[in-house]
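Each of the two complexes below includes subunit A, the first together with subunit B, the second together with subunit C.
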Partner chain A sequence: MSAITIPHEHEVSPGLWALAWRRLKADRIAMISLAIVAFFVAMMLASSLGLVAGDWSKEVGTNYATPTWFKDDVAPPPPPGTPEGKPQDDPTVQAEPHAEGKGAEDRKDESSVVDPLADVLKEVRTETANAVQAPVVARLETLPFGADKWGRDVLKKVIKGSETSIFVGLASAVVAVFLGTILGALAGFYGKWIDDVMNWFYNIFTSIPYLLLILAIAAVLNKKGMFTIILILGLTGWTGTFRLIRGEYLKHKEREYVRAADAIGASNTRRMFVHIFPNVSHVVLVQISILVVAFIKTEVILSFLGFGVPVDVVSWGSMLNEAQSEMILGKWWQLAAAGTTMAILVTAFSLFTDALRDALDPKLK
Partner chain B sequence: MNGDSGNKTMSEALVSVRNLRVNFRIDKRTTFEAVKKISFDIPRNSTVALVGESGSGKSVTALSILGLLPHENSSVLPGSEVLFGGRNLLDLSQRELRDLRGKEISMIFQEPMSSLNPVFSVGFQLSEVLRLHMGLSPGQARARGIALLGEVGIPEPEKSIDKYPFQMSGGQQQRVMIAMAIACEPKLLIADEPTTALDVTIQKQILELIGDLQKKHQMSVLFITHDLAVVGEIADFVVVMRDGEIREQGAAADVFERPRDAYTQALLQCRPQLSRRAQRLPVIDDFMSGHPVSYADAPERQRGLTGAEPIVLDVVGLSKSFYSREGLFGKREFKAVHNVSFKLAKGKTLGLVGESGSGKTTVGLTLMRLHEATGGKAIFDGKDILALSNKEFMEYKRRIQIIFQNPYASLNPRFTVGHIVTEPMLIHGIGGSEQERTNMAFELLAKVGLPEVSFYKYPHEFSGGQRQRIAIARCLTMKPDILICDESVSALDVSVQAQVLNLLQDLQDEFQMSYIFISHDLAVVKYISDQVMVMNDGEIVEMANSDDIYLHPQHPYTQRLLSSIPRGWEGAHPKRA
Partner chain C sequence: MMGVWRSLAMLILGAMATGAPAADMGKTLRITFQVAETGFDPVRIHDYYSGTVIETVYDSLLGYDYLARPSKLAPRAAELPQVTDGGRTYTFKIRKGILFTPDAAFKGKRRELVAEDFAYTIKRFLDPKNRSPYAFFFEGKILGLDDLAAEAKKSGRFDYDRKIPGFEIPDSHTLRIKLKDPDYTFSQILAFSQTSAVAREVIETYGEESNFHPVGTGPYMLDKYVRSSKIFLKANPDYRKETWDFKPGADPRDKDIVARMKGKQIPAIGNVEISIVEESQARMLAFENGETDLEYQLWDVSTRFMTEDNKLVPDFVKKGIRLDRIVDPEITYTYMNTLDKIGDQPNPVGGFTRERIALRRAIAMAYNLGDQIRIIRKNQSVKAEYPIPPGVTGHEPAWKNNIRHDPAGANALLERVGYKKGADGYRSQPDGTPLLIRYSTTPDERGRLFAELMKKSMDSIGVRIDIHIDKFPELLKAEKQCRLMVRGAAWIADYPDGDNFMQLLYGPNAYQSNNACYKSAEYDKLYEKSKLMPDGAERNKLYREMTKIMERDTPWIMNDSRYRNTLLHKQVVGYKKHPILHADWVYIDLDKRAK
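Right, the complex of A and B next:
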């Protein structure tokens, strides 16, 4: 038998993961939603690498430039802010902002101090328009998704905002699930006083209203930023996962395969993480994807309430926050853009989560 | 039932199954043919046994008669017919079927514990059937319910009718299920493995009850089972199925005495028989490959102790109690194992029999230190292994190994077989390198009769018998002195059981391992054991050499156990010639 070396080409059998992936692939809704999620993640990566929307903060359009496809016949047509009132469909216009956008740096400070009040704004705008001899920047009347009050391209803001929102969602979900899994595994596996202590801890945590807890931690940390939010969400979000994983461990530690591992002399840690963990990892995966959705929404709420990301960072939540005042003026496109994008991602992610759970645990269906 | 039942003709059929074909959809592209165009009759006033191993399609056949197949993934193919009273049951609407079920055709299932609703009293569930189908008033239904409970042999039916299922034993629950099934005097009773989950003594009672009720109510019974021995005493006709096809059907006397099909012959031969001990059990492959081996012709194996054998394990006064909290400070003690002492001889097998709850499994787990013993000693290699610290015990752990009952649960589904088999070597530092361990794993897999490619596969790709082989290979890596087999063959089909038993005996011959063989199946224990220890309520009732205990049982409990073993055809119908 010593002649046996690593044998000839053997067919690698599909493991449970491979089988789950096969089931997932057969599910059309899963694949469509996965594609959407992948698109968003790709967008997020591209924007964080600066490939797209790196210049989101540039004011390329007129203030509250309307979406290209929207004929604003309710509100009065925006006054020609730029020297030549360009027709909407003039192709040369499209090329201009990109060509001249970089020269617009100096204009930024000026317009960021502009009072948001509409009439004043109008005045200022016409003033500048008249005063400027050589318009360095041709501001666009219309943009694909319109512009915000400073004339920043909403489309780019949405893309840049996705970077914050998705990253916060993913990272905090990973932190929360990691905490929940470790604590749940310890509580479920060892039981006895460890379980009791963990459960007290859990009960205290869940007895405080969620948002209050978040706001309290935010107030204590007193430092705005993406990592603060991730920390807050991660520290508060582990509870559900903890209960689930604890239950799974309670169930699995009595299973025969774990007994068998005990019988061959596997240590506690080995049983807990080498034997049981792969068998509950599908729960972990599903938990992560559920929490990503939840945390994207929570981040939006936090930013909306002003506890979220700092002003120099854009997120869907801060966009919605801005949209609040814009809505009064009837400028709905920022709200629509941020809201729709978030809804698409969250819906796709949720559908994907459902499909993922079905694929990983086909008996549940 | 007596011998003349075989004279009944097939013509007066109550149910005729014609060309039944059932497909299961596995995913979008693949379907699985569970039942492949089978035809058989259930005559009036008779018992038909539908016999087959797992995956033979016997339960699917029964479910399609009742229209209970899951609609999402199964389909009865056109051309199939189940004729009952001139109607094709497969064409009926759900509504018409509901009227039929429970009234004309009723069914009892394998697990009484999960077939009864735990939140309703027995009486409520029983009278529900009566009110639904017979239109009785609540008062009438209750009176009839009490009568029915009395008929199926429940003690004190007036009181029992208000009990909840959890207040009854498994056997009583199955009786309640039977009472519900016969409540509306059905013409056909379908019993799907009704005794498989029960202890032998209770199995016998339930079999007798079904037999009596069949005669009394002049109904027909379709009795589904994997074990031919069970139906030997009650069946008039036998239908043997395998892989969705009927291998053989006919009057019970013909099938049992003159089986024509190789598979039927194998089924009859591969069960250990009480009369003698074959060196090797005949296995199904012998028959299917055309070289049938008769159990009676196989050379005899000698079992039994002389008393001179070296002792490897000396257990003295082993006790294990479980405590449950009661009240604020009190706790209640439950003695699962009480004062059990025995000696295990080298290279021999100690059989441990008892009914569920007798503590036999607890003995095994406590010796492995998977449970902590409450008292007693276990001397192994000069040391009391129960008193060692965890660290000290580590050295001994590999020398006592266990094979569990359920091969589907005892292998980690996320590990490849290679990983499963090499893990113990890794933990105990056996084999110097990955390469060496892999080679050893290949050797062991070959030894237990698995091909080399198994190394790279996952447990879910194997059948029950093959999985049990993997579990055995895992234990062998540690070259244990003692192997505890905890119901290790109970969950396997009879044909596979024979193969695993043969393997265990071969390995014992080769490695001189000592076995503690725990089982509720007395025939198997008798076959494989040198010594047998009978347990009841946590205590040893009787202990003796295997042959002695079966020939001359001393204790009444042992006698009762032995008389409950299904005798099969031979036992029920001794040859009249």
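Right, the complex of A and C next:
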């Protein structure tokens, strides 16, 4: 008689992440939000790789071209004599007659003024006059989301703006959470004077009103650019994460598994980052997602107040800034496009964060 | 109690003496400035807005007839001068009984305006301590004054007590000014608000703070003041009897203005509340909500209140709002610093080598002025072809600037003189070093628009620019030290003569009004010659020649002259924009019933 062996499959109990993912998958709102966030991130990546909206600064429409779906209210044609409808920066169509030609009656006095560039300019004029005229591309009267004052496509600006806004949000959240986690871990794990010093720092940062603090740093740095904004937001945004992580480390360092690690001779760094960190990593993740939303909004505020991105970079904040003087003229599309897009992303991200926090909460197992 | 009765009696007597009813303290005119003031010491300020307040708080020797067009000088603190000695001697008779408003500096005594105050004021322009941006008004003109200034530069102290042959004061109310050479614009200079008289005691009491303690003899006095936010003026109770009595001109509106204003006391309105509101949208909404009585400089929102043929929109007409429209006697221009170095840094747009002139020319050819007028100004400006704007003596209406918008030509020009494009599409200097132009602008929406336009224009010729952003007063400060590279500026006539514009490029005026810090021996020689000539064909010919030199060296990109569209609520009576006066609202009234 031979022994019958029943194949036995070990049931591997799911880990924290697998459980969290399972719970997240069951949440319909979370999945829809995730899809929206993923769509925006994909849009950002495509834009930064130059696949879409690479030519956002090209002037394709007329000054404040109306949105296509709103064309019943198309602006009346421009007054005669204005160069509407002609590409402004196309050098071959724009050249005005030089004074030697039309309208030079008053320049006929005898003059001793000799232009050192006269010979070069003469050559240049002959050259440009003989050059093949580029075809005149008529500017569009309507565009899907309308155009801004220079005639740039608002849809492309929104996409290009997402690149700045989302990238700034993500990058500065990573910087802030990184800082908060390291400082929180040090303060919570070591305690004593290190904790006191860190708390003193924390109190200074939190006692200054947030917006004033970032505006003050922006004014001191006085250099516009994405990197500056990331730095400002990262340096000012770490406090919340610090407080939470410090609390977690205070709690965890007394737990048995950490004491056991200590007993077998694990170093401080190892206990902090190999043993305790994985157990608080869900807090870090939730913090990142909360801060991304907050920082997207702050970047918009900074750019709106004129401390944000430089003139050749577009962000949702700079679009809203431009829109503030357009509203009174009845040109609402730039405000609507930037505002709606931002509202959708921020709402989706917030809902996703909320679901993520629930999914990662071990008490809800 | 006695004191009260006495005051009452004085008040009644005062009212009887003037004949016309005094300023109505129950009326408040509410207006705005789009840029914050920099101070109220006439000699030390250099902006239009501070100048507006100064015009009402102090008295200049001469003023303007409110209705006469073209603008015509009129007596103010003094009668019109007697000009003798072939235009070298100006004798002013100062009106008697003009009092400074009370101030602690006078130690409780009333202080009368005398000839010595004007001599003191003019001397202050040349005191190096004051760093006056308007010193050029008097430099090289008055006998002995330049020597005094030269000594002060050496010793560090300006001797105000020293008598100089240029100022003779035969009696307390007569001032005789003696000039080195004939000067045909001298009366006009003395009608400019910044030459208004200050009292020496006040200036010496407040020292460096003199900018914030205005004590004058003008129709208004400073009541309350919150820096960069609110300026409250109230009618000066001791202001001399001045009755509105201007004669109507050819303008059909004049008759109505005269009918409603004749015989009123100047000023008729008791209080003026000035709010500093930088954004046009906020100013527009404040006007529409009735929070201000008159509003101007709204070109960026002009499509809200103007039709395409530049008439007021029907909604506004229905509300009784009126529009007063003139082309300001101003030019706006973008200057390029022509010094070889800015501080100790090399200046890529400076110098007069063939390459640098070509670079400046190419920048001017690439600048898209059409877009500035059409998009930023909303067609509310006219292109400036000549450095002297319309409405100012010496303007050449048929002149066409030699530099036209031509990016293709600019590109070809740069290519030929050695500014080659690199792989990134941007050009480097002929010696191979990178080319980077710094463009300075303000942190507001308007500043951003100009920066965008400049960036776009420079991109079209492959010139890389760096946008430098700072507050308006900071930019002005740096500009007066020749520390800015490229910036847009505006100059509105201080007096309606071409000289006031042609001096903007006179070499010795660098660090004052010559923002490009431009110095051309050829230009300076012609300018000095033109100074000695009255207005006429001969002087105009010199101006044309100077303009050609300017176009050749291209220290400026000529921009535009803006339309001033002043919106008036129906309660505003008697308003007509004066081309030179800043505070023309001193001559208007408010009709309370019309509100």
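The rule is short, and it goes like this: the second predicted complex is superposed on the first by the 283 of 365 C-alpha atoms of A that agree within 3 Å, B and C clash if a C-alpha of one lies under 4 Å from a C-alpha of the other, contacts with A are read in each partner's own complex, and residues count from 1 in each chain.
As a convention for this text, contacts are C-beta pairs under 8 Å (C-beta built on N, C-alpha and C of every residue); 3 or more make two chains touch, one makes a residue touch a chain.
Keep in mind that what you see is a predicted model, and the values were worked out from it rather than measured.
*Asks:* Looking at the overlay, what does A:196 touch: subunit B (first), subunit C (second), both, or neither?
*Replies:* neither
*Asks:* In the superposed model, which partner reaches more residues of subunit A, subunit B or subunit C?
*Replies:* More residues of subunit A are touched by C.
*Asks:* Where does A:121 make contact in the superposed view: on subunit B (first), on subunit C (second), on both, or on neither?
*Replies:* second
*Asks:* Considering only touches as defined above, state whether A:255 meets subunit B (first), subunit C (second), both or neither.
*Replies:* first
*Asks:* Is A:275 in contact with subunit B, with subunit C, with both, or with neither (first, second, both, neither)?
*Replies:* first
*Asks:* Help me check something: in the complex, which residues belonging to subunit C touch subunit A?
*Replies:* Per the stated touch rule, the residues are 279-281, 284-285, 300-301, 303-304, 308-309, 354, 357-358, 361, 368, 370-371, 374-375, 379, 396, 398-402, 404-409, 411-413, 416-417, 443-445, 448-449, 451-452, 455-457, 460, 467, 469, 522, 541, 544-545, 548-549, 552.
*Asks:* Report the residues of subunit A in contact with subunit B in the complex, numbered from low to high.
*Replies:* 1-2, 4-7, 10-16, 23, 26, 255-257, 259-266, 270, 275, 278-279
*Asks:* Which subunit A residues qualify as touching subunit C in the complex?
*Replies:* Its residues touching subunit C are 57, 63, 76, 79, 82-84, 88-89, 91-92, 94-100, 102-107, 109, 111-117, 120-121, 123-125, 127-128, 131, 149-150, 224, 306-307, 310-312, 321-322, 324-325, 327-330.
*Asks:* Under the touch definition given earlier, write down the residues of subunit B that touch subunit A in their complex.
*Replies:* 27-28, 365, 368, 370, 394, 397-398, 401-402, 404-406, 409-416, 423-424, 427-428, 435, 438-439, 442-443, 446, 452-453, 455-458, 460-461, 471, 474-475, 478
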